[in-house]
């Protein structure tokens, strides 16, 4: 039982990431009608916001020590982060908390990137065929990815969680299990909590603001939303920025779980598309439900007990679910008719 | 009258195409692409893209899983080499058939949906094939290493006809002509020309028109008494056979079949080739395939030394500056160039490179002569 | 196709003429320019080597390091720079005047860590650029694929970073040579160290990348640890590139196992190790013992990606820059001075391979594959950083000492993440060539 | 005379809403039969039951001797039923000529034919037929244009040509003049009259009473899923139930 519970927890934080990426993707689909293959790249850029902040915090003062030599004969460098020498303990604390602090940077940066992308490129593609949208955003994703690679290299860059969140939490005790049965990494619980908060935030934003109402109207019927607004263009831009921020935040907070590298966007791209489609194109609730569902099923399928009956099932489970769902429910779990079928 | 002119122009197109393909080694020499392996790849991926275009260009169904058929073709061909004979003909034949068979199976299920749902279904099938081929199906596919020939393979037909390859690892040969190097290219080139001809016939047939009607308006088709599903499925199977054939040829020229041929990025590649060249045009996919393979093989080969030599006419500081900028785009940066190229093409030439050619042609024509308006061709499929 | 409707008869004729030329072309090109010689026999004053490394994809950094090492090797062979390990190498055939009187030049290609792409770029270097030897790579699948190609084409293949047994086992080829060690040696070298540190009563849980190298690694570790008396609790296969391994790690928590063996490499290793530590496995106590994590194949470049998670974790490696023998010091010095940071094991093995090839060709007096091969077979040498080493004739595998390393507790710089725990002597990791099967077959010199 | 299309006891519900309630209808061959009724009366639902887009919950729809229940749209068309839509459904990316050739091929070669090896260039008879048809509806000059570039009225004419080239036994028209200017409407009425004079049976759904009374031989009035009245145009004009259904019925 606790084994299954642990797997469900695994599924929940995996699903949290899936849901956050898929959420932005599906908002963009729904309102702008754009198939954004650069969405994975947005997630990756979010993660690299964390990398940049860490790099900034750990900018080092380099003092050459001529008394010691490196193995290749140059003077040894003694490095101390500026921030540590300036702020002392506060500086140390800032470095320790660099991942959560990155959120502060990621929000404006991702908003800017999203807005720039929409203004500079995406808006010219609203009326173009999906195939062209795919190609241009895919091209953009490659360009972004390669630029990141030329800056940060191809290897993963570790981003540890703050010391206090590094340990394990006895989650089982909180929900009535015996101590020690369901212990789970604190950071992963934080991630799950964080993703639900962001999801709730997005829903609340769309539910309770006039802006959100316009967006929802747009998702329901893109034709009429054009008739509604005076300033539909700007709303679209903000929607895109919002989706970029959501993807970016998912990326920032995921870095302690998965050391970021330039390619991580592509790895999540296909997956997040499957999530969106399984959930139903243009359905916000569908994206969230499908994200968590796929996360959990993927975790359960990886259990040795399951694999003994169905060898290799963990390799294909995601795609198998996609096939089954699409055949049983033509428009995904919560999709509506006519969305993206042309 | 119009019909007759058209027939002639098609013949001219075919002959020019054949001539250009066969003269490939000479034409491409100055561009550094005139060596057998790349020429073979041009031809093979040309076939793959032509086939994909029959599905995507005509019916508009965007498959993200065609690499699966390419992989299946390769595995089939290598197994044919191992079990039956090193002659490429049975291998290519069986690869085509099996590609078609799997396409029929996957197509039958996937075509129950349209639009992006269809794309995701094909993607799902291809990714399942890839993941399984890499791991659980290793006894059949030899997993990561890829399926290879062995000296000890049975090759029953070769044995029956008394062919003995001795102690060396055999390579594929067509009745004594080794299928590596230039003969291999000419074999692929012949198949490419044949495939181009078939695709041309399909484009110019009522069937081809029906496929374009599928893309244009399925609803109208249904109420016109046409069953769209078999049309789409036929196109899917034909393109699957093209993919299987291409996969078979990959194995003929280089008898090794690896699982990564089936990965979604490989499926994406053929989509890019088709769009880059010009979706729905006859020549476009071949050109697109050539462009991408050229980038992959030639741009990736530039390294700092070559760049430094190229710009050695510049003063040294400038030379280093230019090289450091240029090296972003070549060598390990060739992906960047490719991505930027996609964007530029889609933004400025949505019809792909063929639209560029057409625009250029129009410009040229306007300048050269103004002998009245050219007749609008009834078939827009070019 | 409007613009083709107006093609004139003349241009048609031109096309036909071109086609005729093309048909004639194969006889021009395949008239066996190298008849009686061997593939790409160098005729001029230079000899071309092909460096085939991953420049894109997950191993791009490793590939870049390999390329740096190759450039350094070429410099040293041609007599530029400080000479590096040429000064410590036991064979003195190379004098810094190129090889066989020819200056060494090189071409590069991108393997993308895909067999197809690797073979395509190797073919380009052979067919177009006239490379007489291909070397490099950062995975076994690619190494085996390219090795097969080089055998068919008639050039020598000097494998780069490839750790699977198959490269010089089941899939070995006469034209292929490997300096790097393999999973069998890792198992043999690690086992005694594991015994000393963790005892003989351990219950091990394997997580294994689900492809040939992973299985090979899992098999070797199982074999040698079970000989010690360890029990294997479970061996679970994980998909390549799984990213998040939590669903494979949680079952370890309550499995009763007290040791986790991560048969992963590259990004998989970084992720699974990071996450295993996140799940508290490094600090866990099971059956009254401290829980242990083992990473059989370490790569310093990759270990950097796992950050502080590698602290205290055992593994093996082919070479490490902190070694204090003369060869290693010379190499680290010339590499560090040129690039500003120490070389990785990938850089080391590829540098050695380039030197070994050049030296063998010099001693053989030819670049003919069979000639070079014969002079590599059974070649005993020293001074390249791994102590006395032998290229075994039976399987073209180098036999040398194996390093057992541990993640360093107090690194002095970001490159200083591993410390050498033990150098397992060569005798202990040697095995009979027949153990791994396969057939070398005859050399192929090409047509 | 036996009816060409016979609708008996047809019921259709959408959730709690009863769209069609015990509808009976007999269409006689060679007539123009108009179905009128206020918005939401169930006209389009009924039409969709004829062409296979919807399947009635209860009841039968028989065309000649074939039950249409459970048949796919293309099978129904192959029996000889063609349909013109409210918003023209045409092959927008194809030329006018191709638009008309396709239905002819469908009629000649059936619902699916793998004629991939026959060149279009050899299909002069089909081409001739299509050109003739286009000329008939007044689009002969534009045969090489791409259909999307036509005006709305021309698109409707094209769609009509596409149906007529099949020589249907029954032609279903869903508001053939919706959104047209008066002059265009009159042209269409003339065109439809010509078609009717060739003996093609037509069922017309229409709001515009001017059109209905110019064309129809017989009219059925639908309201809330019932047929409330049926008869010759003059009978319908005077029927108080019809006037009531149209709320004041000033238009009649």
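Per-chain residue numbering starts at 1, and chain names A, B, C and D are given in the order in which the chains are listed.
Here, a residue touches a chain if its C-beta (ideal position, glycine included) is under 8 Å from a C-beta of that chain, and two chains touch if they have at least 3 such contacts.
Values in this document were obtained by computation on a predicted structure and should not be read as measured data.
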Between A-B and B-C, the pair with more C-beta contacts: B-C
Chain of greatest Cα-centre distance to chain B: D
Chain closest to the assembly centre - both centres taken as Cα means: B
Centroid distance [mean C-alpha coordinates] between chain C and chain B, Å: 32
Gap in Å, rounded to a whole number, between the CA centres of chain D and chain A: 52
Rounded Å distance between chain A and chain C, as computed from the means of their C-alpha atoms: 34
Residue numbers of chain B (touch at least two other chains): 6, 131, 134-136, 335, 377
Set of chain A residues in contact with two or more other chains: 315
Chain D, residues touching no fewer than two other chains: none
Pairwise chain contacts, counting only pairs that touch as defined: A-B, A-C, B-C, B-D
Residues of chain A touching chain C in the complex: 2-3, 6-7, 9-11, 13-14, 70-74, 77, 79, 149, 153-158, 160-161, 166-168, 181, 183, 185, 187-188, 256-259, 261, 263-264, 267, 298-300, 302-304, 307, 314-315
Touching residues on chain A, where the partner in the complex is chain B: 35, 121, 124, 128, 130-132, 134-136, 138-143, 145-147, 150, 270, 273-274, 277, 281, 311-312, 315-316, 319-320, 322-323, 326-327, 330-332, 340-342
Contact set on chain B toward chain C in their complex: 5-6, 8-10, 12-13, 15-16, 18-20, 22-27, 32, 34-38, 41, 131, 134-136, 138, 143-146, 148, 151, 167-169, 171, 180-183, 186, 250, 254, 256, 258, 260-261, 282-283, 296-297, 300-301, 303, 305, 331-332, 334-335, 357-358, 361, 365, 374, 377, 382
Residues of chain B that touch chain D when the two form their complex: 3-4, 6-7, 201-202, 204-210, 212-213, 215-217, 219-228, 230-231, 234, 375-380
Residue ranges of chain D in contact with chain B within the complex: 51, 72-74, 77-78, 82-83, 85, 89-95, 97-98, 101-103, 105-107, 109-124, 127, 143-146, 162, 166
